[in-house]
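Single-structure report; data block below.
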Amino acid sequence: MELDDITISRAIIEKFSKDLLNYLDVDVAIVGAGPSGIVAAYYLAKAKKKVVVLERKLSIGGGMWGGGMMFNKIVVQEKAKFILDEFEISYECYDADYYIADSIEAVSTLCSQATKAGAKFFNLMFVEDVRIQNERINGLVINWSAVETSKLHVDPLTISAKFVIDATGHAAEIANTVVKKTPRMGPIFGGMLLSGRAVAEKIISTDVLSV
Amino acid sequence: MELDDITISRAIIEKFSKDLLNYLDVDVAIVGAGPSGIVAAYYLAKAKKKVVVLERKLSIGGGMWGGGMMFNKIVVQEKAKFILDEFEISYECYDADYYIADSIEAVSTLCSQATKAGAKFFNLMFVEDVRIQNERINGLVINWSAVETSKLHVDPLTISAKFVIDATGHAAEIANTVVKKTPRMGPIFGGMLLSGRAVAEKIISTDVLSV
Amino acid sequence: MELDDITISRAIIEKFSKDLLNYLDVDVAIVGAGPSGIVAAYYLAKAKKKVVVLERKLSIGGGMWGGGMMFNKIVVQEKAKFILDEFEISYECYDADYYIADSIEAVSTLCSQATKAGAKFFNLMFVEDVRIQNERINGLVINWSAVETSKLHVDPLTISAKFVIDATGHAAEIANTVVKKTPRMGPIFGGMLLSGRAVAEKIISTDVLSV
Amino acid sequence: MELDDITISRAIIEKFSKDLLNYLDVDVAIVGAGPSGIVAAYYLAKAKKKVVVLERKLSIGGGMWGGGMMFNKIVVQEKAKFILDEFEISYECYDADYYIADSIEAVSTLCSQATKAGAKFFNLMFVEDVRIQNERINGLVINWSAVETSKLHVDPLTISAKFVIDATGHAAEIANTVVKKTPRMGPIFGGMLLSGRAVAEKIISTDVLSV
Amino acid sequence: MELDDITISRAIIEKFSKDLLNYLDVDVAIVGAGPSGIVAAYYLAKAKKKVVVLERKLSIGGGMWGGGMMFNKIVVQEKAKFILDEFEISYECYDADYYIADSIEAVSTLCSQATKAGAKFFNLMFVEDVRIQNERINGLVINWSAVETSKLHVDPLTISAKFVIDATGHAAEIANTVVKKTPRMGPIFGGMLLSGRAVAEKIISTDVLSV
Amino acid sequence: MELDDITISRAIIEKFSKDLLNYLDVDVAIVGAGPSGIVAAYYLAKAKKKVVVLERKLSIGGGMWGGGMMFNKIVVQEKAKFILDEFEISYECYDADYYIADSIEAVSTLCSQATKAGAKFFNLMFVEDVRIQNERINGLVINWSAVETSKLHVDPLTISAKFVIDATGHAAEIANTVVKKTPRMGPIFGGMLLSGRAVAEKIISTDVLSV
Amino acid sequence: MELDDITISRAIIEKFSKDLLNYLDVDVAIVGAGPSGIVAAYYLAKAKKKVVVLERKLSIGGGMWGGGMMFNKIVVQEKAKFILDEFEISYECYDADYYIADSIEAVSTLCSQATKAGAKFFNLMFVEDVRIQNERINGLVINWSAVETSKLHVDPLTISAKFVIDATGHAAEIANTVVKKTPRMGPIFGGMLLSGRAVAEKIISTDVLSV
Amino acid sequence: MELDDITISRAIIEKFSKDLLNYLDVDVAIVGAGPSGIVAAYYLAKAKKKVVVLERKLSIGGGMWGGGMMFNKIVVQEKAKFILDEFEISYECYDADYYIADSIEAVSTLCSQATKAGAKFFNLMFVEDVRIQNERINGLVINWSAVETSKLHVDPLTISAKFVIDATGHAAEIANTVVKKTPRMGPIFGGMLLSGRAVAEKIISTDVLSV
C-alpha cells in the first residue's frame, strides 16, 4: 500500500497541535538546547517534572557538534565524567584527568536520552520576551524563529512556566531581558554539562519544598 | 583541579588528526547525513565496514528535525516500522498502518545509534568533486564547508573509498558531478529510511562477493 | 478583568489547527491571493464550494494595493464594472467607459467580502509542488513561506483538491511546475478581475455536470 | 472595446495627484496603518474630520494578518467586542469572555470600512520627520518608503495637520523624533483596537472645544 | 519671509504631474540617459520633436562620469570633435587626432544643453516592457526603478511614442525585449556620441517623410 | 582612421595623474558635491582660487536630481533667484515669491558652469580623515570610495588645503571628525544654494585679508 | 624630520602612473597571479621579456596561501622539486618522491623572487575582455576590480601584449572569452608550478623564432 | 609516476597537526600579519625566540599590498631605510629623504624573509579572546576565521604565550579586549615598520633579564 500523504499531514498537524496545547503550561521552560539545556532537561524529566526546551535553530545541540575549531572531539574532566556514564557516551582517557569523546556521538546521545526521559523539545522557536506577574517570571513569549529571520511582522504566543532556565550561554538573552524588566528573581544561568545538572538539582529540591 | 585549556586543545587536535588520517582510506564514503545516509551508515558499520559520512552542515540529520512544516513530528508506514524498532525510537500508532514519532527523538537517536555502531561522521565538510580512476569512482575530493560559504580560495584534500553513496537527496549533488565526468558506475542514490537500508544491503552483499 | 494570554494562545492554536485539518481536503484550491484569486474564491464560495486560497505573503491582495506606479488608484472598464457593484466598491466615472476607484478600498473590500462569503485564506504559505494522481492534478504540496525565505531544510505537507487554480499571475508558478510533470489537464490561469469570475464560473458549471 | 492603457495612465496620475494635493492640509494625520491606526481613522472620518493615514508598507493592516505565530486567528476580549460588531466582523465565543475571529477577515474588513467612512490612506510612504511651529507639532515630512529601502538620496515633501497620531506601535517612531525636538505636546500613542477608538474620541472632543 | 514648505510641496506635485501627463504621448522615447541617449535627445529636441528620456538611475550621464578606470577624463577622436564644439565642452588636443576633456564637464554640459534644447528627462524610472500594436512598437511600459530595487509588487503605467530608441548600451534591454515579442521593426541601437547624433538624424529625416 | 585604444589609455592616465598631482595642494578643498558644494566651488573659482571638490559618488549633484519625493522639480524662493539667473537655469514663477525649475536642468547646469569657471571635481573619492597641524585643519586624507564599498584594506593619500568646506549636508561627516580631534577652527557648514554662496564669499574676503 | 604626507602622495602617484604608462605595451601579459602565473612571470622576466601580471585580488598568490583544507602546507613531487630549489624555498622530504613545504614561505618567496627578477604585478585589477586584431589576441581590456565589486558603471582601459597567458586556473576566464570571440589562437592555459614553467619556455622559444 | 593525492593529503594533515601542536606553547604570539607584525616576528625569530603570528585573512601582509589608493608603491623615510636593506627590498631615492619601493616586492619579501628566519605563521585564524592568569596575559583563544564569517557556532581552542603583541593596527582588537578584562599589563601595540622592530627589541631585552 502507498503512503497517503493527506493522512500523514493530518497525523502531523493533530499530534503537534495537541503537544503544543499541552505544553502551554509547564513546570520548567528551558531556553536554548545546547548541552547544558539538554542535561538540565534530562534530569528534570527524570524527576517527573513537566519540562519544555525551546530552541531557535532547526537542530538541537548548539555548539557541541563542532568540537574545538571544527575538530569534532570534546574533552571532559574527571568530575563531569559521571555524566558521560549516565548518558552512555563512549570515551577514552587522555592524560590522567581528561576524557575525550566524539562530539557527534556525544551531542546526539544527550539529545536522544533527554527525549526518551520525557523532556519535550520545540525547535525553530525563539523567545521574544518573558512573562512577569507580581515581580516573578512565570512564562515566556514565543514565536517561530523563521518569523524573525524573515523580518515578518507577526505577533507571538505565550506559555506559562513555574521556572525558567536561561541556557543560551554567552548570549544570556533571557537574563538580559529580565534585568531590564525587574531586579528580582532573575533566571538561573546554565553553562556546561555540570551546570546543567546543578540547575536541575536546584529546581528539583526547590520544588519539593515550595510548590 | 582546574581544566587546563592547553591540554584540552592538544587532546582535540591529536585525536581529530589521527581520526582524519585513519579515514583517508575507507570501504564506504557517504555524502550527506540525512536520515537515509545515517541509516545506511548504521547497517554498513554493523556489517563491519569502515564507513565515513561527510556532512556539509554543523549538525547531523538534515531536514528530519523540522517534521512537516515545522510541526516536529514524523510519520512512518508499516513496512518501515522495523527501523524504528531497530533503533529503539518511540512511536504511537495512528490510523491502522501509520506510526507517528517525535522528530527530535527520531533523528538524534538515529545518529546516536549509528555512531555507537561504529560509523564515523565528519561534519562541516563538503564534497567538491569525485575521484575517478579507470572509469570507476573510488574517492572524494573534500573541503571545509566554511571555505565555500566564506568564498575563500583554498584547495581541497582527497579521500579514497571503495564505494560512494550519494545521500544528498533532491540535490543529488554527487550524481550530477559523476554524470558530467563518466557515464558508467554512477553512485547509488539514497532517499528515505528504507532506501538507506536497501543501499546498505546492496553494498554489503556486493562486497561479500567481489572485494 | 485582564486578558489571559495563555487562554488566548490556546484559543488561537485550537481554532487554527481545526481549520487547517478541515481544509486538507477541499473542492478548489487557489494559489495566489491577488485580485483574480480573490474574485474566483468569492464566486466559488457563494456557489457553496469548499474553497481555500494559499498566499505566500503576509497580506492578501497582491499588486493591487500599489495602483499604478505607487499612485494608489485603479481603473476598471465598463464590462467589469458589475464586479465593483457586486462587491460594493466606490468609484467615479472617468471618460465614458472608464471607472476609477481607490486601490486600498478596492483590495480590502474584495478580501473582506470573499472571507464573509465563506472563502478560507491561508497566508504565509507557499506551494512547493502539485500532487498528481492518474495524470490529474488533485492537490498541492505546501509549506510556510518563511521556511523558504529562511532557507531552512524542512519538509512540506499536502492538501487534496478537486480543482486547482493558478492565480499567481505573470509568475504562473504552478502552471510551470505542471508542464514539467504532465502534459494533460494543466491548471486554469487567472489574470484580472474578470478572469477570476470566468474561472469561477467554469468550475461551478463543470462541477454541476461532473462531480 | 479594448482597454486604452494611456487613458488608464492618465486617469491614475490625474486622480492621485489631485488627492495628494488635497491631503497636503488635513485635520488629523495618522502614522502607521495597523489595527489601531485604522480604527482611529474610522471614528475620526465618521466624525467628519479630514483624516489621512500614512503607511510604510505596500499593504494596510500591520501585524494583524499573521494572527499569533502565523496561525491566522485573533482573539478579542469582552470589552472590545463592540468594535467587532461596529465593523461587522464575524466571531465565535471561546471560553466566556473571549471572542475569536479570522485575522484575514478582521483586518481586511477594518480597512474596507475605514475607507468607506472617508479615511484616506497613502501606502508606500514613510515619515522622515515632524513639522514643528511654535513648539507644536503641526505636520509631517514624508517620502516614498522605496526611497529609503533603495538608499536613494532624494528630498521629502511636507503635509500640514492639526493633530498627529503615532500609531507605529512598539516602534513609536514619531514619538521618539518629537522627544528629541521638543518636550511639549508629544503625539498621542496608539496601541490596539480600543486605544485607536480612545484616541479618536479624545481628538474629536478636543476639536469641538478648541479649533 | 520664510519658505512655506506646504506651498513648495504643492508646486512640485502640480508641476510634476502636469509634465508627466503631458509626456504620456510623445514623438520619441529614449531609454537610457548615457551620452548617446543625451545627444540623440538634444538633436531631436532642436528639430522640434517632443522627446522624453527615461533613466533608471538618480543621475543622468551613465558611465561617462568615471572616465577610464575612474580616471575622470574622456578622449574624443577627430570626427566627433564637432559635438564637443556644438555643446561648448572644453578640450585639449593630444597627439594629432585625439582630443581630451574633463569627464565631469563633458557629461554635465551634455545634459545641461539637452534640457535647455527642450528634451525632457524622467530619472528614477525604468522600462518594464514595450507596447506593441500591429507589430510596431509604439510605446513603453514604465515604473519607478525604486519599485524594482525594493522588490515591490506594483503595477506599471504606459506611455505612447512614435519612435523608441534603445540607448541602454551593452545591456540593450529594450532590444532584447522586442526580439522576444516581435521580429519586425526593432528599436534603433544607440552607442556613443556619434551614434546618438546618427540616430537622431535618421529619425528626423524619417519623420519628415512619413509622419 | 580607427580609434587607437592604447593612445586613449595613455592620454587618460597622463592627464589624470597630472591633474591629481596638481591638486595635491589647493586653496580650498570642498567635501561633497551637492548643490551647496557646487555653488561654493563656482564662486571661489571665479574669484581665482584654486578649488577642488571631492565627491564619494560616481555622479555630481547629490540629492538635487530627485526633486521632492522623486518628482523631479525644485522650488527656489525670491532671495535665491539671483543664483538661477547667474547660472542661466530656466524657471517659472509659482505663487508670488516661489520659482520652480526642472531639477535635472538645474543640477547639470550648476555642475557644467562650475567646471567651466575652473573648479576641479574628483568623483569616486571619499575623505577618511582631516589633516591637522598646529590645531588648524590644513588638508584631507582621501581614498577611492570603491575601496570602502569593497571593504578593501588599502591605505589613503593626502592633499593639502588652506581652507576646507564640509558640504556633506545632514551627514556633516567632516565636522564630526574635526570635533573629535580639535575644538578650534571647525570647517564651515554648507547647506543650500545660498549657503554655498555665503561660504564662498566668507572665504574670499578672509583670504584677501589674511593669506 | 617628520614624514611629509604630501611628498609621499606625490611620490606614489608619480611612480605608479609612470609604471602604468610603461606597461601599456608589453611582451607578455599574464592574467591571474596564482603560483602558475608567478612562475611563468619569473622565467619570462629572467629571459628579459617585458612581462606584466594582472591580479584581481589585493594580494598575490591565489589559493596557495591556504595549503589543503586550510592546513597551510603544500606538497611537491620529485619532478617539480627543481622549482623549489630555483626559488630557494625550504622543504622536507616525505615518503620517497614527495616534498613538503610551508605554504606561506612558498607563496611569498615565489612572489618575492618574481618581482626581483623583473616581473611587474598590478593587483586590484581585472580583465573585462581581450583585444583582438586580425583574429589574434594582442591585448587586454582592464579595469579596477573594485569597480566590479562596487557595481559601478565605469569604462575600462586597454593594454597591448604580444602574448597573453590565462593563468586564472579552473575559472579559465580569458579562454572562455576568447572562445566566444574567435576560434583561432586561444591563450595558453596555466595550471601548476610546472605548467607555469612550461608556458614560459614555450613563449621564450616562440619569441626567438618569430618576433 | 602520477601524484598520489591520498599521500599528499596524508602529508599535509600530518605536518600541519604536528606544527599546530608544537605552537600551542610559544615565547611570543603576534596577532595580525601586517608589515609591523611581520617585522616584529622576523627580529624575534632571529633572536631565537619561538614566535607565532596569527592572521585572520587568507594572505599575509595586510594593507601594504595596495600601496596608497591602490597605486601599488610604498614610501619609506631615511630612518627606516635600514629595514629595506636588512630584508633586501629594492628601492629608489625620491626627493632627498624619501625612498620608494614596489609594494608587492616589499610585502612578499618581508614575509618570505620572516618565514626563512623561523617565524611561524597561521593564516585563516582569528583571536576570540585573550587568556589571563594572575592578572597577566599569557595566551590567546583562537578559532578559524571562516567560523566567524560563516556565523557558525563552534568553540575555540587555546594557545599559551609568554608575550602577546597586538599588531592589528587601527583596530587594536586585542588591546580593547584586554582593557575590558584587566587594567594591568596590556599588550604592546605594533604600528609600522619601525614600531615592529622596536617592539621586537623590547621583548628581546626584557626576556634576557626576566624570563
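Labels A, B, C, D, E, F, G and H are assigned to the chains in the order they are written; within every chain, residues are numbered from 1.
By our rule, contacts are C-beta pairs under 8 Å (C-beta built on N, C-alpha and C of every residue); 3 or more make two chains touch, one makes a residue touch a chain.
From a predicted model like this one, the values you see are computed outputs, not experimental measurements.
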| item | value |
| --- | --- |
| Contact-richer chain pair [E-F vs E-G] | E-F |
| Label of the chain whose CA centroid is most distant from the centroid of subunit D | G |
| Separation of mean Cα positions, subunit H and subunit C [Å, integer] | 61 |
| Interchain centroid distance [CA atoms averaged], subunit C/subunit F, Å | 54 |
| Averaged-CA centre spacing for the pair subunit D and subunit C, given as whole angstrom | 26 |
| For subunit A paired with subunit H, centre-to-centre distance based on mean C-alpha positions, whole Å | 41 |
| Residues within subunit C bordering two or more other chains | 8-9, 12-13, 16-17, 58, 66-71, 124, 144, 146-147, 152-154, 157 |
| Touching pairs among all chains present in the structure | A-B, A-C, A-D, A-H, B-C, B-G, B-H, C-D, C-E, D-E, D-F, E-F, E-G, F-G, F-H, G-H |
| Residues of subunit A touching subunit D in the complex | 142-144, 147, 152-157 |
| Complex contacts: residues of subunit E adjacent to subunit G | 62-63, 66-71 |
| Residues of subunit H that touch subunit B when the two form their complex | 5-6, 8-10, 12-14, 16-17, 20-21, 24-25, 58, 124, 131, 139, 144-147, 149-150, 152-154, 157-160 |
| In the complex, subunit G residues that touch subunit H | 1, 3, 7-9, 11-13, 15-17, 19, 57-61, 65-75, 77-78, 90, 92, 94-95, 97-98, 100, 102, 104-105, 108-109, 111-112, 115-116, 121-124, 144, 146 |
